[in-house]
Amino acid sequence: MSGNTFGESFRVTSFGESHGPAIGCVVDGCPPGLVLAESYIQGDLDRRKPGTSRHVTQRREPDTVEILSGVYEGRTTGAPIALLIRNQDQRSRDYAVIADTFRPGHADYSWWQKYGARDPRGGGRASARETAVRVAAGAIARKWLEEAYGVSVRGYLAQLGEIAIPFVSWEATMGNPFFAPDAAVVPRLETYMDELRHAGDSVGARVNVVASGVPVGWGEPVFDRLDADIAHAMMGINAVKGVEIGAGFAAVTQRGSEHGDELTPEGFLSNNAGGVLGGVSSGQDVTVSLALKPTSSIRIARRTIDKTGAATTVATEGRHDPCVGIRAVPVAEAMLALVLIDHALRHRAQCGDVHTSTPKIAARVK
Amino acid sequence: MSGNTFGESFRVTSFGESHGPAIGCVVDGCPPGLVLAESYIQGDLDRRKPGTSRHVTQRREPDTVEILSGVYEGRTTGAPIALLIRNQDQRSRDYAVIADTFRPGHADYSWWQKYGARDPRGGGRASARETAVRVAAGAIARKWLEEAYGVSVRGYLAQLGEIAIPFVSWEATMGNPFFAPDAAVVPRLETYMDELRHAGDSVGARVNVVASGVPVGWGEPVFDRLDADIAHAMMGINAVKGVEIGAGFAAVTQRGSEHGDELTPEGFLSNNAGGVLGGVSSGQDVTVSLALKPTSSIRIARRTIDKTGAATTVATEGRHDPCVGIRAVPVAEAMLALVLIDHALRHRAQCGDVHTSTPKIAARVK
Amino acid sequence: MSGNTFGESFRVTSFGESHGPAIGCVVDGCPPGLVLAESYIQGDLDRRKPGTSRHVTQRREPDTVEILSGVYEGRTTGAPIALLIRNQDQRSRDYAVIADTFRPGHADYSWWQKYGARDPRGGGRASARETAVRVAAGAIARKWLEEAYGVSVRGYLAQLGEIAIPFVSWEATMGNPFFAPDAAVVPRLETYMDELRHAGDSVGARVNVVASGVPVGWGEPVFDRLDADIAHAMMGINAVKGVEIGAGFAAVTQRGSEHGDELTPEGFLSNNAGGVLGGVSSGQDVTVSLALKPTSSIRIARRTIDKTGAATTVATEGRHDPCVGIRAVPVAEAMLALVLIDHALRHRAQCGDVHTSTPKIAARVK
Amino acid sequence: MSGNTFGESFRVTSFGESHGPAIGCVVDGCPPGLVLAESYIQGDLDRRKPGTSRHVTQRREPDTVEILSGVYEGRTTGAPIALLIRNQDQRSRDYAVIADTFRPGHADYSWWQKYGARDPRGGGRASARETAVRVAAGAIARKWLEEAYGVSVRGYLAQLGEIAIPFVSWEATMGNPFFAPDAAVVPRLETYMDELRHAGDSVGARVNVVASGVPVGWGEPVFDRLDADIAHAMMGINAVKGVEIGAGFAAVTQRGSEHGDELTPEGFLSNNAGGVLGGVSSGQDVTVSLALKPTSSIRIARRTIDKTGAATTVATEGRHDPCVGIRAVPVAEAMLALVLIDHALRHRAQCGDVHTSTPKIAARVK
């Protein structure tokens, strides 16, 4: 009801604040027998970790994860897996300003009115720091998806402010701190970010995520369509303002004779559907695109009110990402993996013994 | 788990196929004491009803709703409200073609592989006919929202294929079968649809929905953000491929100094957030935009496979909406209302006794 | 949240009042491909039907069930199955007395204070009539359990007031209107009931239910143990005041060396556990026993208050079961079947591919 | 789905094994503004703590709880509250015997067949150690219930093996390690336990729990009745085999004219209902009674099989409670508190603005 649990069959319950003792989660419903160690999860966490380049927040957090339960002799037991990440760099400073005023574009005002209580230190629970636990939980989901079904989930930065980034290769995304799929564009991104940081401002971004190898049949037809649950997952990431599946908003101007992906014995001829037909996976790549708004904590002073309702201004000096979209790439991957494993298990519950004689066609004709 | 229930506190469980005996739903969790009659729900159903103009499906369905339970002496009792709509015009025809082949862009292939069973008559459960029950349930939600909080939920057609439709007034949306907010554009829409129908093709659309009067404080911060649940609701409508909240994808190129909506004692100065900050309503209008793909059932023949996996072609002759986006307007309104009432009740559960001395500022400075 | 849905993977959403237009339910999550017809469900409904002997309520209801969705060409499709039972014999009479006073032992007072609204006709939603839909939904569960796993679920009346009824055979339960497993005791039960009816009073009962053939492995270890969910299901039946699994309250005085059921390669040597170890089925018979209180609607006048809070008395003249425990037998069977199918599917979701080399031992050494 | 989360509005997600690094839970949905400190929770944990007398397990665990999130400046914020208890005394010993055989009456066999994996150290997740986190979460629930509604939740040992313990006073329960409500019986209990321990055997017990001050109106009428959810909660405690509400199994032989609790302007005249009418609280004391089976880990050798299915015997030498019923008292209190707070919030969601002019009558005429 309070919405800190994600998923139905594979459930992640998240907790923790930016400057509290720790963040973490409980993963319930993981199939037993999966080989799992902290080092594996750590690999994914390191991709999202703050402080890895000058273009993201300078907070120094090792993000060391500890598995507290659910794993015995290196394998999952089927019991809940609790993951703990202690906060280290809760830099001592004066939060009085933030505590008494409301940043434009931030959760400050709405949460205060909702709860009448607020942990203002570093944004408290509203901090993007919370997304580390999603990456940790997502790492477990990704491992199982890959081993059980050969599914891979990968994302990249598709646009930074005005700069559209062409997709060149998945390898390219690993060689730069922007998750940019084109090495050639990186110098331009660096210059752009340096100017932005210098100006004390922030900017939005577009992130694309793709799941390959998803078998046909995952997703529930009406309310909990696979794409509906993906939309829920993505819009639930801090700063996301838009979600597209497949052709997305381009479908508005498409004709039916253009949009509908033709089927042949050799595979589909296009993928406007983004791998989801009638809410159920088709066997094609599941393709998702997100819009992320610019960070609301900026050094430029802006008009606002304080807790008494009086007019004032606010500028935020702390350590913030000038573009939250960059570090959102591993978070979006994690959320997509969480949706997929959840629907893999949900599908197995109801349809675990269904077989048809119709061949499963290839994702796409090459 | 099979996803035919929507909501947590205000729950709608949907059932029914296009050409079965009936469609309907059970609404559980409605607050007691609400004045409710079938005639009220019927008013909303009539807006979505097929056959109201030549631009939508010609199926003739009165969509007469019967309240089976949960209402006594004209008021809700707190017990589940079952709504029943008998199907009338299940025109007898040969479904053998559809039953054995898979329409491109349709649920046919993925559902068949998922269930190994399929009701092909009129699309079965995949038919947009299912959305009638969402409108019926949404009517109850809208009535309560309006009476308890003064919330109004309204939508319009913002784009039809290439034709963008400027917002002129809410009144304009009621005077034409397109839900177009500008009377002047209607003749152009009619010509466009006539040509499309003549060509046997279909087209996409954009629909906007706005909720006004939503108080500050609804929504749950992390996974079940108000905007995340809206995204889930909207992407769960047949044919939707993209969802935006507030600035949406335009946020990608915005600066933080531009995007963050400034607060003043007189109200907010802009609404890029779309009425949701940190997943919680801010008191501003909640603004949502959807992309709908073109209908996949078209008269133009397309390549596909049959149940044995052999290559073939398929063309669909039946009665279909050439643009599902048009009749999606009342459906999108209903889904937004369902999300809002659910979060109104969820908020009351945890925070029913919270009060702050901070004034609730106006939605927007005029 | 309002609790009219039962189950997680196999979900039943119930609706309807005793004297409204209809009662019914939506069953979501049924595996596809199950052969299903109304006649099958009707068979179970007829066992619970009122008016079958002079010892139960004399209301005349055919309880004819209609399948509205989810079945195509005689098989389930995986879509929700809506079941509808129209009410026929809503005998017109004056409910003014019941509407304004609160029967001792009845839901009248607590529901009125909860909702501030109440449908008093025949008890409204509090009527045992609601249990017909559980039997209808349970019939689907039983059929699947039997065909997929060979599970049978059977119940009997174990005690009527002071009269304990020894278990002789399952066959015996079918030859009398009491579901008594011993034909010899029936004349004594008839005399007892005649005297009770003559006195205008009612009495409690004990019902036993047994599920045989349940495979080892169903149930979730901590909160949602198989036995915990059975307890929830049984205590959720009207009038139930106590639930036992296996040895039940007799376990209070047992020693560990006596209670723990020994395992041998040929099977278990006893069944004090009632087929559930650590919340998970063991492969033994699942044995459950319930206590049902006497009907609260009796002809003997009793002290109470009216809606203004003033002292008064109330006697109930309508058509009521002098012992609700009798017709509770098929209801308890249905609820046990609903718990079992739900856990069968839940188990398959998480552990669908688990195999061990340890033999599954027999339910019990003969 | 895997059942490690309890509740709908006030949700507790439990994790941890007996001999893993830690146990703990996440409490989601706690109303904001509640004064909360670790010391408060510690008080309840100390009551359940092992090693407090020679009559319970001799494991030495300080059970020190750490609040990781959700509390700021001494008050709950509405964010999830994570509670962590590190395991200290995981005495190193050889688990080979337990790992390869299945104790009669224990989860060993059923869990192994379910998961194909098992953490055998100290019983792993099946250990009663898991109940410590329920007590910790329950402490938060109790505090809120008491402060918001004046509800108190208290339990006692009502029977130990053959020794029935009369209720003398709540004060008496605090002066002895048995939670016995009669000081006079304590010497007899001590002798009994000494003999039992000497024999290497164990015994069952009966525990009673009472909630006073519960307002009328909590609980949902059909499946999620207050008593049904209590039954689920209690049967979900390790070793519980039976649950009664109010008159419980005594209702089997009662007449309706005896069982139904009469109402007067001064209050109810009896409490056979146990404070729940039609699944909804009546304002009377909620009275619950549980049967706990004897501990299955005993020193007396018993017949069993090993992982290959071969016949063998097993005796358990470790540190175990000869009567788990004793330490179950605070656990049962905690579970009852968790059900009550959950229904308090659920009730507020749907019926937060209901008022009637009918006076709420007293729990009982003195």
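Each chain gets a letter, A, B, C and D, in the order it is written, and its residues are counted from 1.
FYI, a contact is a pair of C-beta atoms (placed from the backbone, for glycine too) under 8 Å apart; a residue touches a chain by one contact, two chains touch by 3 or more.
Everything quoted here is computed from the prediction, not taken from an experiment.
Colleague: When I count C-beta pairs in contact, which pair ends up with more: A-D or A-C?
Modeller: A-D is joined by more C-beta pairs in contact.
Colleague: Same or different: do the copies chain A and chain B touch each other through matching residue numbers, with over half of them shared?
Modeller: same
Colleague: How many angstrom lie between the centres of chain A and chain B, each centre taken as the mean Cα position?
Modeller: Their C-alpha centroids are separated by 26 Å.
Colleague: Roughly how far is chain A from chain D, going centre to centre by Cα mean, in whole Å?
Modeller: Each chain's C-alpha centroid was found; their separation is 38 Å.
Colleague: Roughly how far is chain A from chain C, centre to centre by C-alpha average, rounded to an integer in Å?
Modeller: The mean C-alpha positions of chain A and chain C differ by 45 Å.
Colleague: Among all residues of chain C, which ones touch two or more of the remaining chains?
Modeller: Those would be 1-2, 4-5, 8-9, 14, 29, 32-33, 78-79, 114-116, 125, 221, 345-346, 349-351, 354.
Colleague: What kind of graph do the touching chains make: line, ring, star, complete, other?
Modeller: Per interface graph, the chains form a complete graph.
Colleague: Can you list the chain D residues touching chain B in their complex?
Modeller: 1, 8-9, 29-33, 78-79, 148, 221, 345-346, 348-354
Colleague: Name, in rising order, each residue of chain C that touches chain B in their complex.
Modeller: These residues of chain C touch chain B: 1-2, 4-5, 8-9, 11, 13-17, 20-26, 28-29, 32-33, 66-70, 72, 75-82, 84, 114-119, 121, 124-125, 345, 349.
Colleague: Once bound in the complex, which stretches of chain D touch chain C?
Modeller: 1-6, 8-9, 14, 102-116, 125-126, 130, 159, 161-162, 201-206, 216-225, 227-236, 238, 241-265, 269, 272-274, 276-283, 291-298, 300, 302-305, 307-311, 346-347, 349-351, 354-361
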